[in-house]
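Shared chain: chain A. Partners: chain B in the first complex, chain C in the second.
Presenting the complex of A and B:
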């Protein structure tokens, strides 16, 4: 009797879930499985579609692909610099906004504005500012600092994208930090004050540890986001990943193989699969190191 | 409780059902077909292309209207794919949702023909279509390895030298006839980083004819061969202009999207651009006074590029007869005359070109003059890979990151490795 009741409940639950499940299967799980299938085949989709099973050929080819290595190196460099910087910046911004200053709301809005702009538009605006006679160089010249060929010079092109991306995504994480900051009980700070803590102590020994789960979330989202860098480098380099492969990222390379040359769709899928594994690893490492009971 | 549960189940099935029904929508189309059958076989042909400027769109609309008047039982549905045209077309063809007729750039043609998604058009051609009227190199660009024709070129453009009249007058210079003269003129026209003498486009699509001017080959047997010393020698002057003379720059360095824009903003005194730049400059930068001339010669030899686009037919089209009628009208004498009448593109038919008299046009004569000796931008199925690697490394040589010969060697090796792995 009891079991029947449970079955019935489960049945109802699944019926209610069915539209969502259907959509998930069709648009999320299905494509993932198909991509995995593709990665083990040599695929020609156009015309008479042909799928030729090649085993791990596509994966071994990655090891032999100079451009794939460059792309992975660029992406890793990008992640290693952008994620810590934007997390730190977001935390500092949030802490200053939470300090109860005058005009706090105004600054909150101003800081958040970059997040609202589409990244493609942002990139185009930055390309204007970055050009040789552009705003950035004018400011640098005014301050007596050296100017750069931001877009053309391979050694700075990626940095230019980094700066832009940190500026535009830090505010988003700042809002998440802000929400978490509101949650810290005042009594903790009071207790710290009684123990003789100054403002810096309070930030470092109360705020930062309390925000640890949120930091973990911010870093993981940052990792995923930065590993998938595509549009900025695509627009910067006109789709080629140049100059001298300086702005070539893994996703841009996947795009090139999938759409720009015919018959390499399977290889592109293998690259995408490899990237997914790299992201998974990075996320797993992050969680291993932060060692907190997860909230999600 | 029980009642509520059943209500919920009922609701969700209903929702689910309506989602499914939304996907189908077969009933509606069935009805439409019934209707059209009554009106003596009304057919609708879809045609897809990229968007041009508003004037160009108007012209195409006018041409299509004329076609609908001539064939009242065919309706044309025009679809504009504004961005990433080839990606969209390929995806749609794979999904079986391709348009009946669409634009195809000569550059992409060999690979597309190779996949067999295009309908060969030879069997449709009739006597009065007058196939010999087309400029031969432009028609050949759309021939498959089997010798069949897969598309008819709708128009083309060559490159010409655009020069700023005012800047030339101020510097007291004549329009350069050779590349050496151009280099000298560029030096005199440069004013620091404000105005560059020459706006260069460091990409293979624009440099191909220069690269081959000393006898080297960019592509040999469908593989990259541009590290050839003869190619390096031919391209070196362009790099030198940027690095030694400091008289050349690429558009992105001055914040422009392309050469025409750089020229219009008066940040370059000379650019080598095509027909598309003429209406653009006249509309967007009416204050920039410019003239055109044939591309300067190298070692006394003339050279330029030609870019062409054809109308092709989808092999899976259900309305091939109607689709051919559309293609033959658009590339026929009458349709082409309307389409090219305003000078946005040059006619690929000799008779139309003669009738419209662009060879006597002040701005377009230089472009028309280039047609007989132009190199058509196309070479085998691997050109996209070759181009991508060339552009990537050439830019870095252009900017002085590495010597040109090393850059091209590296690019060639990577390109050929990619081609072999295919």
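Presenting the complex of A and C:
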């Protein structure tokens, strides 16, 4: 009797899980195994598809590929600048918004706008502003600062995307910080005040340490997001990664090898694995680092 | 102290301006004549206010309404299916006892960590094999569940009071009946937050449609906008008008569901 009931419960569970299991098998687990297979093969899709085993060739090829090195360098630079900047900006904005000022709700709504807007629209708006004769250069000229050919000059094109992305993602992380800030018990601040702490001390010695787990979360999400930069550089450069490979990112390169050139799909799969490993490694390092820090 | 407050207000206002300017600039450009656009004027108020840009994109670009509809159909279907299927899976993982539960749960957690680029290429080949490239189902079926929200729903159902379900069981409702008639309607706040994020994700997605869709008739708005830009490369007044049309629905949704947005985000904040 008891046994039959357990069988029934399992049946119900698998019925409820069936759509999930179907998608997981067909579009996640199957593809992962398939991707491993692809990364060890030379794939030709023209005519009858052919898969030729090449061993580790696709992986060793990465080391000789100049464009892969450029893409990796661009992506690394992008991650190294964007993640810390957006994290700090998000924290400062959240702390400011949490200071009990008037109009908080209004500011929160305004700040949130970029998070809602699609990356395609944001990129187009910024390209319009970055125009040679556009708003950004007019403002710079007005302030007496040098102007740039944001879209066409290889030495500034990636910076243009960085500025845009810091602007658009910092408010998202700000909201996460804001939720956490509201959990800090007032007694901590009161105790600090008794010890004679000023506003800055309270922020630095109470708020920042208390938020460490959230900061760790924000950094990991930031790492995962920035390593996968694609939409912005694709639209910005019309899919080329130009000018002169300045906006070429690893994901854009994977896209190009997979879908824009013939016979390199297996190589693209190998690059995708390399990227996945880099992302896992970066998040693992971050975790390890923040754990050691919280020891004291 | 007074100085501190003034400083905080200055930061708040300055950053609000920094946030608003790109949107206001795009909006104002969408009402400007091409003449004014080309002249490089930096006035936020159009000299000759015109609606021609909006007329132009809807009349000249007959595909534009089509892209809009494609986006709506795909985003709405994906959202509905996600709500049902993620909840079903989350409920089974939270409440039912069965063999393989731990394994399935671990797989779902692992899926969260795998970057989309790894599965992107094989997915393309699988969809090609199924004949689903350039189709609604190719866009919808692989996206109809989401590991993040299965996980979220599981957490939600774990904290859900059991008594209601036990009462329903005494009344003779089956487990699945209880789930659909009692549990799901009570999960509305969690579903609302989820609906917003799934809808936005689908509405704004660029990479998946770029890979799956190649027929302009089937483009979603982000793809359409990108091809639009290629076509009207120096008509920034048209491009900005199209961008504004694209952004409106999301702003309307945001205005309606404002509180769920914030709730939903703090939910993912690991609280």
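In this text, the second predicted complex is superposed on the first by the 269 of 296 C-alpha atoms of A that agree within 3 Å, B and C clash if a C-alpha of one lies under 4 Å from a C-alpha of the other, contacts with A are read in each partner's own complex, and residues count from 1 in each chain.
Everything below uses one rule, namely that contacts are C-beta pairs under 8 Å (C-beta built on N, C-alpha and C of every residue); 3 or more make two chains touch, one makes a residue touch a chain.
No experiment lies behind these values; they were computed from the predicted model shown.
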With the two complexes overlaid on their shared chain, look at chain A and say whether chain B and chain C clash or fit.
clash
After lining up the shared chain so the two structures overlap, which partner does A:55 touch, if you call chain B first and chain C second: first, second, both or neither?
neither
Which partner does A:12 contact after superposing on A: first (chain B), second (chain C), both, neither?
both
Does the superposition put A:259 against chain B (first), chain C (second), both, or neither?
both
Look at A:128 in the shared chain and tell me whether it touches chain B only, chain C only, both, or neither; answer first, second, both or neither.
both
Looking at the overlay, does A:27 come into contact with chain B only (first), chain C only (second), both, or neither?
second
Check the residue A:144 against both partner chains and state whether it touches chain B (first), chain C (second), both, or neither.
neither
Partner chain in contact with A:113 - chain B first, chain C second, else both or neither:
second
Contacts of A:245 with chain B and chain C, given as first, second, both or neither:
first
See if chain A has more residues touched by chain B or by chain C, and give me that chain.
C
A:152 in the overlay: touching chain B, chain C, both, or neither? Say first, second, both or neither.
first
Location of chain B clashes with chain C - one stretch out of 59-67, 77-85 or 131-139
77-85
Both chain B and chain C contact which residues of chain A?
12, 15-16, 19, 128, 131, 133-134, 259
Chain A residues within the chain C interface of the complex
6, 9-10, 12-17, 19-21, 23-24, 26-32, 34-35, 38, 92-93, 96-97, 99, 101, 103, 107-114, 116-122, 124-126, 128-129, 131, 133-135, 138, 167, 171-172, 175-176, 178-180, 183, 199, 213-214, 217, 224, 227-228, 230-231, 234-235, 238, 251, 254-255, 258-259, 265, 268-269, 272-273, 275-276, 279-280
Given the complex with chain A, which residues does chain B contribute to the contact?
5, 8-9, 12-13, 15-16, 19, 86-87, 90, 93-94, 111-112, 114-117, 193-194, 249-250, 252-255, 381-382, 384-385, 388, 391-393, 395-396, 399, 401-402, 407, 414, 417-418, 421-422
Spell out the residues on chain A that touch chain B in their complex, using ranges where they run on.
12, 15-16, 18-19, 22, 44-49, 61, 64-67, 127-128, 131-134, 149, 151-155, 240-246, 248, 256, 259-264, 267
List of chain C residues in touch with chain A within their complex:
4-5, 8-9, 11-12, 15-16, 18-23, 25-26, 29, 40, 42, 81, 85-86, 88-89, 91-93, 96-99, 101, 104, 107-108, 111, 113-126, 141-142, 144-145, 150, 174-176, 179, 200, 203-204, 206-207, 210-211, 221-222, 225-226, 229-230, 236, 239-240, 243, 246-247, 250-251, 254, 258, 261-262, 265-266, 268-271
